[in-house]
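Chains here go by letter, A, B, C and D, matching the order in which they are written, and residues are numbered from 1 within each.
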Amino acid sequence: MAYFRIEYYSRALRRETSFEVLIPNDPREGMPEPAEPMRTLFLLHGYTGKAGNYVPWEMPAQYNFAVVMPSAENSFYLNGLSTGHAFQTFVGEELVDYVRKTFRLALSPGDTGIAGLSMGGFGALHTGLAYPETFGKIGAMSSAFIVHEVAKMQPGGGNEVANYDYYRECFGEPALLEESDNNPETLVRKLKAAGAKIPAIYMSCGTEDFLIENNREMHRFLEAEGVPHEYHEAPGIHDMVFWSEHIRKIVCWMFG
Amino acid sequence: MAYFRIEYYSRALRRETSFEVLIPNDPREGMPEPAEPMRTLFLLHGYTGKAGNYVPWEMPAQYNFAVVMPSAENSFYLNGLSTGHAFQTFVGEELVDYVRKTFRLALSPGDTGIAGLSMGGFGALHTGLAYPETFGKIGAMSSAFIVHEVAKMQPGGGNEVANYDYYRECFGEPALLEESDNNPETLVRKLKAAGAKIPAIYMSCGTEDFLIENNREMHRFLEAEGVPHEYHEAPGIHDMVFWSEHIRKIVCWMFG
Amino acid sequence: MAYFRIEYYSRALRRETSFEVLIPNDPREGMPEPAEPMRTLFLLHGYTGKAGNYVPWEMPAQYNFAVVMPSAENSFYLNGLSTGHAFQTFVGEELVDYVRKTFRLALSPGDTGIAGLSMGGFGALHTGLAYPETFGKIGAMSSAFIVHEVAKMQPGGGNEVANYDYYRECFGEPALLEESDNNPETLVRKLKAAGAKIPAIYMSCGTEDFLIENNREMHRFLEAEGVPHEYHEAPGIHDMVFWSEHIRKIVCWMFG
Amino acid sequence: MAYFRIEYYSRALRRETSFEVLIPNDPREGMPEPAEPMRTLFLLHGYTGKAGNYVPWEMPAQYNFAVVMPSAENSFYLNGLSTGHAFQTFVGEELVDYVRKTFRLALSPGDTGIAGLSMGGFGALHTGLAYPETFGKIGAMSSAFIVHEVAKMQPGGGNEVANYDYYRECFGEPALLEESDNNPETLVRKLKAAGAKIPAIYMSCGTEDFLIENNREMHRFLEAEGVPHEYHEAPGIHDMVFWSEHIRKIVCWMFG
């Protein structure tokens, strides 16, 4: 499987950055060329991570899809307050445009999914809902649905993960957060109000994950809003053992 | 010359990141092994750039020094307000410790220099002054000495380069900036008050550079404070033509 | 300018390998998107080198072309005797196909050039002549036109650069070399006999280069055969100073 | 865990090449620094592969060892006939020296192991036996012990994997192979004759592997020569499922 490490200038980030792409278009002797069109999965890492942290290596060739892996730092895949912290735009617009023009990938929502874990699970749901014309399917594992916690933060506060300034930079003014477009719930309400199509959603979380209640809360919210989605719990904690298994389930659901 | 691309977990940045190192320890047939100890240059990129943007490729082997090149985003090489934006600590402490333990580089200030251009010129002077026990020599080209401009910024302000939130995140509260340790002038005053050794300083700037007055101002400040330093102006603007020539002059001054 | 490092499975080499591509399709704020179609330059390194050794970094954006840079080891860009040493096929067929399907580059000979230095100058002329339907223009600097020397080698022989086994592996049986398709002269004669179009050719060499007589000999051969070509000598030796200047002249000739 | 991609000039290969290193010296917050001395595993890929194809990612931090991963092409880790094909020297001498001087790794045979799969299993046993003062432990999985098959090859022959020229280039003249130092059995006999220490050896192979008889033959040879070694068969074929499990067993045996 071909691996691309790409360094380029990002207007959204106002600087040179890099991302990674996998394209299974180099079959070995006797193997067939991949079918067209190839599907595309945007795969989002978690807090403290970067591109390529967890990849189900055998699946792209088997299921005929490319993987686009941004390194979005600890941004929660949102447009932060500062110039150059536009990570939502980076992933949901700029990279999409770039892989379309460069590789002819991600050309339609039916061919394009977005998935992630923890902070990246939040990012997958949020980015997918922000760009439903781009992403037809969303996979969110062990997701850091922490909007309601952040919304209560006060200057000088924060939590054991990061300080108040960090959360304010990523999510914007906490007092405005619940109503803002940085809250996936707001995006759901707006899409419903507009009668717009909502991407297919698959959520999963380990029952011993410290984020299980946050995921149950989002599940109940989607149920209450009448948004179709799959929701799965399984034994497990917030670790690579869970993600290695469940990213494969998500890919099967998405492209199987 | 050996090139190292290193991906590692940075505690200062709270995430996996990468940096680059050049070590001229792979001489071709018939060439001598490099002398010990090898010197080390920390080379800092400018705003919108990243590691490796400008390297005087022929010089490390000729002058027997390694080059450590962080990608510090658009951080001004300062410890920003948010958790994980500790770029001063990243470059001035963590990377120094890391290349010491991993490569036995940068073991003494006499062997260690720091240089940069534009935002990286600011970073070189600031980081060098913040860690005079680490960096014996500082080279600052076309430096973005913008502390006094930032100090006047008001919420909603900023300039054509970036918004207020960006500058506040990088430099801290503008109203406190001039007295803070993010101002290189403050560091100079503290080092003088403590009777501490100040690293050797070499500044240069193009006479048509839009930052020329900022550099002249810093030159006058250092003169007024009685800090020995070399200061050079030459025809040129804020571009690679100037930097390609003048980084070579800095290396000659530093390690020649 | 976007930089791609690509790892993929090469059927020609029978193993995973890597190559590098530059595409100036990431213009900064306010700059126009590149025009279509973008031209493509295959840029070949010399003996002991690898991809990326010499790149006129500022030119691709200025002249609207991508650069494809294989690492072809010390292969002379020929199909060697051993399974998996098919470097001619690798560069002239497989990589061409791969960048066509992956990036839509190198779609017509009018848009596609090949250039190199030393061993890569030989490779540029040989590969270009072997695939005139692919490469419309050839740039050969300081070229290692050593076929006639290799043809005389005997078992146990070789020269100060490499042994007999090396040359036999790369070029095939020396006794058969002059008449074989590994000799660019043979390719010229065949193209003429077939009435086929011969790519445009630009040769240059330093007058103090140790390969100057080999280049003059090829120049005379092309003259004698009536093959139109540009031939330039200029003061210089076999070094980066010459190549940095003359690769720029070749690009201007090719895409200017 | 820190990952290093290193490009450097190899005298053994007569060209610029790259290799990869993993060093678990970047512990996360609250984790201890690695103990000294860190052990080193040279990890060898198989035919058609390259560095990094199979890595037990969680083990280096757990067992306190670095991993050095060369890309040795399809060389069988032997010194081929041609200049620049000195892959035995590359892995067993040059890289060892380089990681010693650069990283202070692989300083004693007690701290240094070598392991591989298929062609790399052959390489691990051969290289370990060729440099018993460097490598204290050898792990060979599903090894391509094909010396006796190659020894019978005639010009124009070869097999379905590669042609005669390929095997001759890698192994030298077939008629001389069995007695040559390219045959691990020869190395065993010489070490015994010299009364030299033989590294600890661990072999494993899947019972359905097409190379199982070759491995049994080497096992019987070592038994007949009285060379202590562990030999394991387990259900499995020549694939990543087997190697993912058994490289972990080898690491436990080597460093556990």
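FYI, a contact is a pair of C-beta atoms (placed from the backbone, for glycine too) under 8 Å apart; a residue touches a chain by one contact, two chains touch by 3 or more.
Every value quoted in this text rests on a predicted model; they were computed, and no experiment measured them.
Colleague: Chain C-chain D contact: same residues or different, taking over half shared as same?
Modeller: same
Colleague: Rounded to a multiple of 5, how large is the rotation, in degrees, that superposes the C-alpha trace of chain B on chain D?
Modeller: Between chain B and chain D, the superposition angle is 180 degrees.
Colleague: With chain centres defined as C-alpha means, what is the inter-centre distance between chain A and chain C in Å?
Modeller: 43
Colleague: Quick one: report the Å distance separating chain B from chain C, using the average Cα coordinate of each chain.
Modeller: 40
Colleague: If you average the Cα atoms of chain C and of chain D to get two centres, how far apart are those centres in Å?
Modeller: Chain centres of chain C and chain D, defined by C-alpha means, are spaced 35 Å apart.
Colleague: Could you say which residues in chain A touch two or more other chains, in rising order?
Modeller: 7, 9, 28, 48, in rising order.
Colleague: Considering only the defined contacts, which chain C positions touch chain A in the complex?
Modeller: 1-11, 23, 25-29, 98, 101-104
Colleague: Taking the complex as given, what residues does chain A use to touch chain B?
Modeller: Within the complex, chain A contacts chain B at residues 7, 9, 13-17, 47-50, 53, 73-74, 80-85, 158, 161-163, 165-166, 169.
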